[in-house]
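Both complexes below contain chain A, partnered by chain B and then by chain C.
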Partner chain A sequence: MLATIVSMWQNHQMSSQVVELNQSLSELDRTMSSIHRQLERGISVSGTAGVPGGDQYADALNDPDNLLEAPTDELIYADAQEGGTLRRLMLTDPAGFNWLVENSVDVNEIMTYVHEGFARVDFNDPDNYVPSLAYKVTANDDFTEYTVHLREGVYWQRPNVDMSDPRYEWLRERQEVTAEDAVFYFEMAQHPEVQAAHIANYVEDIKEVEQLDRYTFRVTWDRPIYHSRSTTMGGYPLPKYLYTRDRDGNELPEEMVPAEFNNHWTNDYPVGTGPYRFISFRAGDRIVLERNDDYWGELPPIEQIEYRIIPDADAGFAQLMRGQIDFIPRLDYSRYRTEIVRGGDNSPFKTGELEHDTIDQFAYHYIGWNADKPLFEDRRVRKAMTLAFNREAIIENALHGLATIQTGPYYWDHPANNPDIEPLPFDLERAAELLDEAGWVDQTGDGIRNKEIDGEMHTFRFTLISYNHRPEVQRWVSVYADDLRRIGVELRNDPVDWALMQRRMEEKNFDAFTGGWGLGWQIDLYQIWHSSQADVPRGSNRVGFRNEEADVIIEALRTEFDEDKRIELLREFHEIVHHEQPYTFAYAPKEVSAWQPRLQNVVFQRIRPQSYSLPWYISE
Partner chain B sequence: MTSQQDDNQTAADDYQTYGEIVWGQFKKYRISYWSLYGVAALFVLAMVSPVLAMNIPFYLYVPEGVGPETLQGTSYPWFVALFDQNFFDSGVDIFFNFLLFFLPFAFLTWFVTNKVGNPAEADPSDPPIGFFAGVGILLAAFFVVVVLLNGLLSKEVALALVGIGITAVVVRAATEKTDERGRRRLFIALATVVGTIGFAIIYYHGFRQPFVDYQALVELDDGVRAIFPPIEYSYRDVNLLATSEPPSWQHWLGTDAIGRDVFTRILYGTRISLTIGVVAVGIYATIGIILGSLAGYFGGRVDALILRLIEIMMCFPVIFLLLTIAGFIEEASVFHIMLIIGLTGWTGIARLVRGEFLRLRNQDFVQAAVALGFNEMRIIFRHVMPNAIQPVYVAATFGIAGAILIEATLAFLGVGPPDIPSWGQILTAGRSTQNMTMILASGFAIFLVISLLNLIGEGLRDATDPKLRK
Partner chain C sequence: MISYIIKRILLMIPTFVVISMIIFVVLNLAPGDPSARAAADGTETVSQDAQEAYRLFQQQFNLDKPILFNTRFSLSTEDVEEKVLILANFQRPICLDEEALEALEEAEEIAEEAELAPDMAPDGEGPVGEEAELLELAAEADPEEEDCTPLAERPSSGEIINAQETLTNWGNYTVPQLLTLAKEHERADVRHLAVNQLSTNARRPMLALSDPDPPPEIREQNREIARENSTLRRWQLPMDAEEEAVEEMLRENWLPWYEEHAQRFEFSTADKVGIFFLDTRFAKYWENLLKLDFGLSTNDRRPVMDTILDRLPYTMTLGFLAILLAYLIAVPLGIWSAYNQNTKRDQFVTVILFMLYSLPSFFTAVLLLEFFAVGRPFTWFPTGGFIGEEARGMPLLTQMVSASWHLILPVICLTYGSLAALSRYARTGILDVIRADYIRTARAKGLSESMVILKHAVRNGMIPILTLMGSILPFLVSGSLVIEYIFNIPGIGLYLYQSIFMYDYNAIMGCLLISTVMTLVGLLLSDISYAIVDPRITFD
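For the complex of A and B:
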């Protein structure tokens, strides 16, 4: 009996020693690969000796005609610890992984790990493009012809199919990325059968895309147009050798390719050229990415990224607390309040169990007024509506300070934001005066304003369609309704889901709605603000904003390439929007990301995707 | 209810109606009996909510030169605000505010006409002094009330109150010879009709008045005098300076995320929850009784058809069915929620009634009615149904509890207007803002009312069961 116990104890001792040994071995391994990576890095920094054509790429940046500039952002942290798995939270399943067809934020984020564009935006200075797959891009004087030079020796990742199956034998050979793949991207984006409506608007003005040699292609535009720069350089190659073949490697008839493209079999095995490879996706469970050790560029330290799909925010936070997840991009407002704002000394954020940071969401919320309805056709009425909206107090108390007041359609920190524009204050008296001025007076003594328009008596009572899955929006709508009641305006809140909301907006069947736009650094006002878009079915100018002066500016902006002049025009437009108040701009939300302290060097980028994990590393 | 109790004692003859037998039995189930009082107390609480909590003063005196001119002098804004649809944006509140005046007057009327002299016992040749005395007292009371409340209440309410007085007189005159049972039945019927008409007039007249911030006016403190209800909050006024506060003396259950007093919201939520229960069950009991009696009485194809319909309805998981129907409704109000619950819940009652009809339709009294050549509608609704309906009462009591729970479930799933102070919505808001007080308070309220109703249901079930007679 005693002997058994002793031998068990010894066994235990031994096994724990083995574990320790294993641990120290793996640590050694990690240190080795870390050293190895730093060595590589040293090589790449000290002039890319040994890499074929390395000088050519570095020299290209000195070429004055090259539109690309040297990056100022450091995406890979030099002293990072090697290895580990980063487990991040994702709220919903992506609908699919076809880079061109899918347009959700989640898929776009995954794409930034798995694939790359011809050029990418410098994270520190988002007006500049820096080399990615292309090392050189030149354009003619009026920006109608772009010549793009691709890097040589970049290979497509292999689709993560079951290679033991002989039918996939044809995939064994590595395929190089060529200009043919780049041309294929533009062909697909322009093709009417390809379901890429979000990009169709941008590529419709492309006249021709031609391949000049194996690594060079030229994009010709019909006319000079500002977004041609970002559309050309932000494009990315698509693996033509995959999309023109079926599962068994047989070539598809050419006319079948675009139709087949939308639901091509490789959509389940997305490939790219980026620092990570797509490994697997299980609906409702996780997406797994693995470091692409064949990557042509500098390798990130984290070996594997797992997106855990957890639709319930509370469950997600519980997993973060237990250490089953490392990173949550967005904490609930309520969680932020209970754990951080009012969290006592036992809050995990105080005890060091978790860390957090606040970042801008690159979006804004607004209330859109249907200017085609008699209620909101008058500018003064819309201005009164903004004056009655207590943004400051709502941000402070209902959103716990996690927002910035928005006054126009740009990101608040963008140079286009006109510094002379002060947000309208919360002033019910002034709002009431403006409504009186506009002829809305309580004539029946029932406490609600009326006005006779075209012989018909209108009552100032309107329905605000609001998005029902956002409790914080519902909260401020209640506050707003309460304030409007004080100045004789009745707001009826109608919370609906997204599908219904969209249908009503397409039918123009609304008085007002709560909305939100995601923002990009590149500003194109045409789609949302040009008067021609007000009458387009399913157009984005849902509020019916028609302003001749604004149209002139928007059109000028489309062909203006000079940054200073653009800023001037954009600021002028900001002023018009502020004067007209087609929207009541509400606020630009911030989000609070939380993570386990085992994640180190968690820096956030200035633009999307802000939580780009390349600089991060995991310390055990 | 109290009058029923009195009747039971005064009914000296040995004849007892079925209702009286059940009531006598029911009283023997103490817990159920007290639960009934509990629900009645909740009902009274729902009715008097504005007396306890409202941010509008009963009495206001504004000296000259202070505030807006229209408010100067003495006024009684609370009484007017009760029927202001700008302030109470839900018909449920207007209804309960109406009851707040209507019910006491109905009881007073009944009491006066019934107690002052009993003509059934008097010598018919005597001059009916008691009758005239009763009418006189009543009219005098009304006169005083109308004069007192003139300017306080809208004219419609005053008219409705006078209406019930006149009704009482009519009842009195019409029922001089009948017994108390008959008079009571007639009085309740007439009072219901008058009350419904009175409420309809008030509601559809749509009285509204401009907003006044009385609390700000009082804070001016230039000789402004006001008497507020004990809890100085309304269920909808937000206060961004006091959001998500923990319980305190000012806010007994704290405040929600936009600074509304949670206790006040729970209090007003009693109205909504009780209404949802009663109205939803009313709707589905009506549908169930009609379809069940048709199926049970006619049998054959009609029965087969209705039974299949019931089976199809029962096949659907209730929650999914509810959510689907809710998806079709734009601007879902609390009445839509009642309607949805009402339209989906009738199957159980239909089957109960059908079973009773199958049992009764071959009995002698029905055959007699058939032999007499009465038409089918008359046989179904006058002869069979009164005998088939008792199990429905039991099912309905449980049904009310179920409907309240379903409303809470729907609110939890995001269906229904988010701003109304229903318990389900408070619970949901509490969950989404991690406010434990709100979750516990609304959860307890739901638990309490559902337990009480289920206890009543059980007592009623046993009381109607002849085998369990005590």
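For the complex of A and C:
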């Protein structure tokens, strides 16, 4: 017994020494490579002009035909300290790493580190595209033909497979990114067997994608359509040499490629060309990204990014407090209240143990009124509903001030918002007047308004389907119900699960519902607001918004490329929506990010992903 | 004994089948399905019309098949016609009813008048308001045209979605019926829709699609299917195509194709029986289960079995420690209570234990975290996870120390609740035997009191508590949803929790079936342990 313990102890000592030795060796290695990199950086800063090819790419930006412009955002901070691991929180396991098939916010965020598109949006000026894998994009006059020129000498990251296994021998050779990979992306996106539903509608108008030479390809569109610009430039190459082969490197028959694409073996080993490489994913634990030292562009200072998967918000915050993670993208409302709003001098945010900042979520919440029901077909009724909705108080009390009042379907800071539109105030008297005007008066003396429509007596009693997983939504629904009762309207709250909610909306089996739309900088109103979408089964125009004037604007916007004219049209549309009140636009939520002070230069971008960590660094 | 065990094991099989069937049916009947998902914050992005992707998803996870029994081979042309008609009616314009027709005529008259005497209309704007609307309607739909749907008969959104989904789910079985419709139906638009639907339904699903490395024979078959499917996919026409073009498509492509493959759609009685029982979600699920395959998670598309095996060690360690600790504390406590029966001490301990029993563990867990981990006031324990960062890649001993450090709080949470029950069992067990004759005999022959208790009383009194272990066994693998969630231990419980939230049928089934098996095994073991511990009990 004793001997066993002693030998275990000795064993432990020995292996401890081995581990220590290993650690100091890798430490040495890291210092070396860090020095190396800083030297390189010095060279590249002082001598860009001398590098052949560097000129060609810079010159291309002076070409007036080039749709790409020089970036105004500085993603890499010059005085950053090298190295370190950024540990950030993620709430759930991502659904997978096939960039084209998976479209959750989480997966998209990881993709921005690991992979790149042909062009990216300038973070400071999101209407502009700046070079990424492409250095030049030109289009014909009516924007139906785009020619994209890719950078040369960019290589695919190698899938992070176990290279000691001889079956992966074929992966050893580096593969360059070519126009063939770009064409392959569009082929897959368009193919019906590929489960890329989120993009299918955008690529359906592409007539042809052809490779012109090794680094150039052309995308031809059936007709001029506004989103062709973002769809073409925002695309990204996919490694054709991987997706057309099985694990052992044997070519797949051509007709099998799209079918196998969805569950291809490389989905566990995602690759790209970006500043970080995907190292590993353990479900329920973490995702590890490591800086891609072969990256063609400027390298970010942080050496490793780890996404820690922690589903419980309290546990996540506890780890942040203890310094076990560095960054939480979104604090709970309750945590925000106890620690920041009401937190006394001992609050870690006051003592400097933690830092925080408030950023906009690209989304808005609303109440949708089913205009096909007699209750809400009248514009005045819908307007009364908005007037009775005390947005200011709700934002103040239920959301702790973490929201902005929303008046239309755009991100509140987007120039498309019509500056002349003031949010409707909270005014129960005016709301009651409007209901009277619309013919809704209490005729039975039970305190609830009635109206005769087509010989049938209707009572103003409706069911609001609300999303049951958000406590703050439930809180404000009850406030709203109280206010409505005061003007003789009865709201019944029906909190349900998302799947059920969606089914009822698809079947148009609702009076009203609470919803939320995620927003982008690019605005396409067609799916949600065009009257044709009101009759499409499973369409997004669930409230039955039909307005001819609006239809004309929406159709015009689809083919209008001039920014000023677009803004004008968008503002007109904003006015119509404000007048019609198909939704009661509620609020655009904000979120509070919190981090450890060892993170420096924590700047947030203006568009998604706002917490893009390239400019950040870690000071030890 | 052996024959008893064999009998029990054989009996476990039908029990397991029935339990799995019940779980399966309940799961599949729950409203909503895994393809509907919202972001965690309740916002969605604009959903695209994704018919095809949705269909593939349904097919991949067998959601297009009926749950228990398949009677699709007996579908008649009328059944199919009913669904196609709904779609066709939806696509036709709405008829104007009589009232509207009259109003329309009136509007036309007014318009004519206005045209004749332009000065009568103010500002020469022509007809305004409702009349203008009606005029437009008139321009769109010719009132004499018969191809229209009366407003009252217009199918609702729900009906359309249902018809579309049902038709597509019927898949291959409806090819002959659709073909009949395409040939013989009196309405041109129904014939056209039937041809287009054929192009979806005639396609065959690929085999073993979820396997990233399929065997070569399957690949070869799939290749054949893929080739045929890509041809069939092209054999449809946009809705504005000419009637002749549809006729031609049918004549040139579909009829010859059907002739060639007609045997695919002819079913013998044996085939029908096979389809009735076997081409169903449940049978497909069982087919996989026999290969010890729980299918793919609809959420992350990874094999459920792999994930469960990945997570099992965490849950088992946690469960084992919790059970061990519970017994280590509860059994001596029970014996002690029995010995001090009805004293103040006994009552005090009982009250404390029941107070603990009534504290919900999720509540205690959060409190413990706040007090002992977050630093208010103590930072004695880690905040969650199974093992510390610093211990990764370290020698085994360091790892064990780190893991046990992490597990102290969760194990406490899992343990204290069961102390009351277990110690009560132990107490009763001892009290039952302590007055027995053989205890008196043992005392009488002069054995020391500790010998009497340990050797005679405890060994006999602990039989019930030992057999209780069998029923605790499933706890080892099913884990604790709440505790694993709060302490972020990546075990089965956390997996189940997340899967329920995501409607991940296969994952939920996997987790539940594993604990079903363990429950059955546990019951068997506890029966066997009776016989081993107490030689008086036999099962023969």
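Definition applied: the second predicted complex is superposed on the first by the 569 of 620 C-alpha atoms of A that agree within 3 Å, B and C clash if a C-alpha of one lies under 4 Å from a C-alpha of the other, contacts with A are read in each partner's own complex, and residues count from 1 in each chain.
We adopt the following convention: contacts are C-beta pairs under 8 Å (C-beta built on N, C-alpha and C of every residue); 3 or more make two chains touch, one makes a residue touch a chain.
From a predicted model like this one, the values you see are computed outputs, not experimental measurements.
Looking at A:H469, would you say it contacts chain B, chain C, both, or neither? Reply first, second, both or neither.
Both partners, chain B and chain C.
Could you tell me if A:K508 is touching chain B, chain C, both of them or neither one (first, second, both, neither)?
second
By the touch definition at the top of the document, which applies to A:N263: first (chain B), second (chain C), both, or neither?
second
With the two structures laid over each other on chain A, which partner does A:W498 touch: chain B (first), chain C (second), both, or neither?
second
Going by the touch definition up top, name the partner, chain B or chain C, that contacts more of chain A.
C
Examine A:R158 and indicate which partner it touches, taking first as chain B and second as chain C; both and neither are also allowed.
neither
Per the contact definition in the header, classify A:R430: touching chain B only (first), chain C only (second), both, or neither.
neither
Could you say whether A:K373 touches chain B, chain C, both of them, or neither, answering first, second, both or neither?
A:K373 contacts neither chain B nor chain C.
Applying the touch criterion given at the start, work out whether A:P253 contacts chain B, chain C, both or neither, answering first, second, both or neither.
second
Using the superposition on A, tell me which residues of chain A are in contact with chain B and, in the other complex, with chain C.
469, 500.
Mind pulling up the chain A residues that touch chain C in the complex?
Residues 8-9, 11-12, 15-16, 19, 91-96, 103-105, 192-193, 195-201, 246-247, 253, 255-256, 259-260, 262-265, 267, 282-285, 310-312, 314-315, 317-319, 321-322, 324, 361, 363-365, 467, 469-470, 473, 497-500, 502-503, 506-509, 514-518, 524, 527-528, 536-540, 589 of chain A touch chain C in their complex.
Tell me, which parts of chain B touch chain A in their complex?
Within the complex, chain B touches chain A at residues 84, 86, 206-211, 213, 236-238, 240-241, 243-244, 257-259, 330-331, 414, 417-419, 429, 432-435.
Name, in rising order, each residue of chain A that touches chain B in their complex.
Those in contact with chain B are residues 332-335, 337-338, 390, 393-394, 396-398, 442, 445-448, 463, 468-469, 471, 474-476, 478-479, 481-482, 485-488, 490, 492-496, 500.
Note which residues of chain C are touching chain A in the complex, please.
Interface residues on chain C, with respect to chain A: 31-33, 36-50, 52-54, 56-57, 90, 156-158, 160-161, 164, 206, 209-213, 219, 222-223, 226-227, 230, 233, 299-302, 307, 310-311, 366, 369-370, 373-375, 379, 382-384, 389, 393-398, 485-488, 490, 494-495, 497-498, 503.
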